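Several structures are given next for inspection.
There are two complexes below, and they share chain A, which is joined by chain B in the first and by chain C in the second.
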Partner chain A sequence: MKFKSTLENYLFVLPAVLIFSIFYIIPFLWVFQLGMYEWDGIMPTKTFVGLGNFKEIFFQDKIWWQSMFNAGYITFIALTFQNILAFLLALACDREIKLKNFYRLIFFIPPVLSEVVVGLVWQWILDGNYGLLNGWLVHLGFPQFAHNWLSDPQTALTTVAIVHSWKGFGWGFLIFLAGLQTIPRELYEAARVDGANAWQSFKKITIPLMIPVTVLVMILTILGTMQAFVLIIAMTGGGPAYHTEVPVLRILASMRGSSRFGYACAQGLSFGLILMVISFIQYKFSSRARKI
Partner chain B sequence: MKSTLYYKAKKVTVNALIHVLLISVAITCIFPLIWMISSSLKTQETIFSDTSLIPVKMHFENYVQAWKEGGFGRYFLNSIFYTVSVVIGIILVSSLAAYAFARFKFPGSNLLFFMFMAAMMIPIPGSFVPLYVLLTKLHLRNTAIGYILCMINVGLSTSIFLLKTFFDKMPRELEDAARIDGCSKLGIWWHVALPLAKPVLAVVVVFNALAVWNEYVLALIIFDSKGLMPLQVALMTFQGEFITRYPLLMAGLTITALPIIILYILMQKYIVKGVTQGALVE
Partner chain C sequence: MRKIYAFGLTLCATLVFFGCALQSKATDKPTITIWHWMTDREPAFTELARRYEAKTGIRVNFELYAPSDAYSQKVRAAAQGATLPDIFGILAEKRDFSSFIKAGHVLDLTPHMDADSGRWRNSLFAKALAVNEFNPGNKYGIEPGVYGVPIDVMAIQMLYNKGLFKKLGLDPEKPPLTFQEFVEIGKKIKAQNMQGMVSGWAEVWMIDCFANNYAFNIMGKDKVIDTIKGKIPYTDPDWVKVLGLFKEMQEAGLLATGVVTMVNKTAEQLFANGKAVFAFNGSWCVNVYKGMNPGLKYGVMMPPRASDKYPMVIWGGAGSSFMVNARSKNKEEAVRFLQWLTDKEQQAYLAETTNNLPANKESLSKVSEILNEFVRNMDNTTHPNVWGVSEFPAVIEAFDKGIQSIIIKEKTPEQIAAEVQKIKAREQAKKR
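Our next item is the complex of A and B:
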């Protein structure tokens, strides 16, 4: 009877464990193995190269490091421009303001759209010849600013970063707003009675209490933005001349373009390790924040 | 001493500035979508010159053409099929497991649960490379079932987490009553636990539906046949083949975006709940 009951319990988790083992654990372990081989993905034989792939990534693959730099740049814009905008909007919506729910509805529309849709629509707006933005610039009397936003190496990366921020700020906005709403109103009341002005209570109450939420939003932004790539496929495909190339796009190119499956796995591993370190710092920070 | 009029004027100014900020950001959010719809109603001849937001003559036949000749009708049905299958799969598989993790104690249950949670924390960028190899070996590449199973796995960990958190807090009285009435474990899960979990199931449904509908890269590497492609991959393929056919492309984009916007507006409550809960719990 006891045995039958235990068996029944296992049957509950069996489908989940089975799918997870086949589609998560096996591929996860394969990455470590394949990363040490040179393999085109088709041939039955693989050539063992040890740490050769990693050596190549770290010492020879200049485009890989450029893609890391590009992802870092987009992440920097997301951390500053995108998150500051999200925080300001959350502050504005935290007040007793008309249409609060309407704004909350609108600001989360870009995040629910797919990166393909967002990328292709913005590519059309930013098109160098027929795009609406250039049309407006000419119409308003600034033809000198009109140019090919996405194929000019000078502007391509920043343009992509700004569209990425447009798509992503709604996440930070919602989380910041939820954080602001957990701050007890009595604290502000008490501060006002004690003679504090709006700026003082913002500095002494809002900012310190929002630090844990801010750390969380920052880490989510870093992890999300470093791994973003579909938006870039849809807007520039990584061009012009690798100026908007990002790491996951390189992994995809190693696999599909040059058919180097082992190298692609090694790139994924090195990149994953860097992200793990960031994740770990997140964990440390959030557990410390909880203690406060 | 400053008059009350001064404070009133200051407050009105501050409020006005706040509204200007909010309204301009809101316009920036919606405008690209309006432009997308507007462009989808113009013709190949007028689209490059006509910058009006509401075209004088609306060419709804673009949608018919995109649906039929562009093949978006087929891709749309594919996307619907994948989304519905994956969401149903995730609901069944993850709620069974989450219920067992919350209610039964058996050897290894903690370890298994920890395994699912660890998967949420460990990022594996480029996991599509080994998945491609795996599906090729299993002869599941370029099949609908291969894609569906992969996507069920993608949503599994978070869904188990959300559901287990809910079941942990759920009172046991109803389940006890059902047990005394002779209901089996499976019967209790289906007749008692699942109906009670409706609010959290709504969150699971919305987030996974969004994720599957918007998914691109796995579909890209898994499907070779056009007949199996979902919308996201089809859009990129269409753009690559007919680079200047903007009215049709914009019609295809609208067909892709509209269901998601409608789903979002209907289920906004659950999305806000999911984002804030997920974020503030971690």
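Our next item is the complex of A and C:
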């Protein structure tokens, strides 16, 4: 009887286990296996190189690490500028202001737009020759600020990071707003009765209660931004030189440009591992923050 | 009620079954499936497929997969799964092409090319055929032969806007012949606050193409090949001179602002709308410019030579090519269709409707005047796929991205030459 019950239980979880294994575990193992070969993606034969591809990534491929740095920089801008903007806008929309539903809709438009379209439109706006932004700057009497935003190595990465933040802040806005709306209003009323001003309420009620939501937004921002590439392909293609290269573009370059499928698999795995480590560290920090 | 449903369902299934059976009996001729990426040629291909079916009864199904990047990935994935169509194109370097052949995906067309005293072979431009050909003793270890059929020919050259030439006080029928003349024009462009040359140099292969033109001009083919073979370093003064030309062009104001992050579509828009004096583009641009600005007056020119020691060459000869799937059960029909497609009449139709240069020599009379300007320099064309050697992709990337660094004034030609050579040494060491 007990055996039958156990068997029944296993049968119930079997479909989920099968789906997870077929679509996640097996491909992961396969990618790991391919990462240990030199293979062009076409030939039936592959050359075993052991951990050679991983060694090359970690110790020889300077461009890979530059792309990691670039992704880190874009992520830093997203974590600060994008999330602060999202939080402030969410805070504004949480209050009883006029047209708040309209603002919610407007703020959520950028994230639902196609990344390629957004990239191309911004490329057109920021174009050094005939771009709208430079046109406005000249028209408004500030020709000295007209600039070749995407082709100048000094500004290319920051420009891309800002456009990425503009495209992505809507997600953070939505999550922050949902978080703010879960804070019981009675807490603010009680604080007001006790004589707390707006800043004290914000500091003692809003911030502590928003920590779990902030952690979630930060994790999503890091994972999403580190893997960003569509917008960058559309805006700069990774250039000028390697100034806006990001890890996913390098993986694509290994696959398409160099026909090194094995190396691309190793890059993908290494990148996944790095993201896992970052997420784990952040999770540990957030656990500690929650306790505080 | 349930019985009526069951009866209806059975009746439908029976009709579908017999319908299919009858249809397959009625059309016992095969259907040829072709995968391609040429969006602009889709209507012309569809019309040709209709004509072929009317003539032979064989249905030809052109399936378009664009953009070319996505197409390339689809072909690779299909090769791994052995699900390639009867006819397909390979958008890759010769090294990858050879991998497709080694994996048994591509039919050797040599017997068909040489039949009837080489009638098919002789009808096509030799330079276009050469990119699909493997010579005896090739380094890829491929059985010598022809493995693809060119359906058109291209050449990548420079173009100049005749109207803007007049504005600059230049003779629109006399484009610059030497690099010095080119630089002088650059100074005029800068003085008049105009944009110089546009090109899709964000797609680095176009930089590679431009740089190789000058490498052939400055040091000759043998030295370029010897560099690829590793006998001559990239730090050689001739290579530094090639890299230095980009610095000179930038300083003279010959390069349009933002050229390093410019995709070719943007470059084409700028040139077609009269916003740039020069463009570096392939012969396919004739159709593109016609679509964007039919009234554009422009001329075709060779890149101005930087040296008199060796002739200036341009990339060309290789257009789009089709390969026959060696595992296809319709391979004979597929070959016959490609023979028909590259016949004089069909090639003339393609040239007329798509403004591309035909692969069939006899169809040239049908091309437009501007395309004929591209044809004039066809004898001076070369292509990496016919060099017999391939540079390491990492070296090509470092070289092309390095040129971007020179243009944005981040690094000097000497620094880039040293960096490229370092990567070359690393790749050679790995190979050993």
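Definition applied: the second predicted complex is superposed on the first by the 252 of 292 C-alpha atoms of A that agree within 3 Å, B and C clash if a C-alpha of one lies under 4 Å from a C-alpha of the other, contacts with A are read in each partner's own complex, and residues count from 1 in each chain.
Throughout what follows, a residue touches a chain if its C-beta (ideal position, glycine included) is under 8 Å from a C-beta of that chain, and two chains touch if they have at least 3 such contacts.
Everything quoted here is computed from the prediction, not taken from an experiment.
Overlap between chain B and chain C is detected when the two structures are superposed via chain A. Of the two partner chains, both chain B and chain C are touched by A:Arg256.
In the superposition on chain A, contact is made by A:Gln60 with chain C only, not with chain B.
Contacts of A:Ile106 after superposition: chain B is touched, whereas chain C is not reached.
Put chain B and chain C next to each other and count what each touches on chain A; the higher total goes to B. Once the two complexes are laid over each other on the shared chain, residue contacts for A:Tyr24 go to chain B alone; chain C is not touched. In the superposition on chain A, A:Pro143 makes contact with neither chain B nor chain C.
Residue contacts after overlaying the shared chain place A:Tyr130 against chain B and chain C alike. Look at A:Gly41: by the touch rule set out above, it reaches both chain B and chain C. Judged by the touch definition given at the top, the superposed model places A:Trp166 against chain B, while chain C stays out of reach. Overlay on chain A, chain B versus chain C, candidates 92-100, 236-244, 254-262 or 272-280: the clashing stretch is 236-244. Counting contacts as defined above, chain A residues 41, 129-130, 256 meet chain B in one complex and chain C in the other. Chain A meets chain C in the complex at residues 40-44, 60, 123, 127-130, 148, 150-153, 156, 235-237, 239-242, 253, 256-260. If you check the complex, the residues on chain B that touch chain A are 15, 18-19, 21-22, 25-26, 28-30, 32-33, 35-36, 39, 47-48, 51, 92-94, 96-97, 99-101, 104, 106-107, 109, 112, 115-116, 119, 121-134, 149-150, 152-153, 156-157, 160, 185, 189, 210, 213-214, 216-217, 221, 232, 235-236, 239, 246, 249-250, 253, 256-257, 260-261, 264-265, 268, 271-272, 275-276, 279-280, 282.
Residues 6, 8-10, 12-13, 15-17, 19-20, 22-24, 26-28, 30-31, 34, 41, 85, 88-89, 92-93, 95, 97, 99, 102-110, 112-118, 120-122, 124-125, 129-130, 132, 135, 139, 166, 171, 174-175, 178-179, 182, 213, 216-217, 220, 223, 227, 229-230, 233-234, 247-248, 251-252, 255-256, 261, 264-265, 267-268, 271-272, 275-276, 279, 283, 286 of chain A are the ones that touch chain B when the two sit in their complex. The residues of chain C lying in touch with chain A in their complex are 69, 72-73, 76, 79-80, 92, 95-96, 99-100, 102-103, 105, 195, 202-203, 256-261, 263, 266, 270, 275, 393-394, 397, 401-402, 404-405, 407-408, 410, 426.
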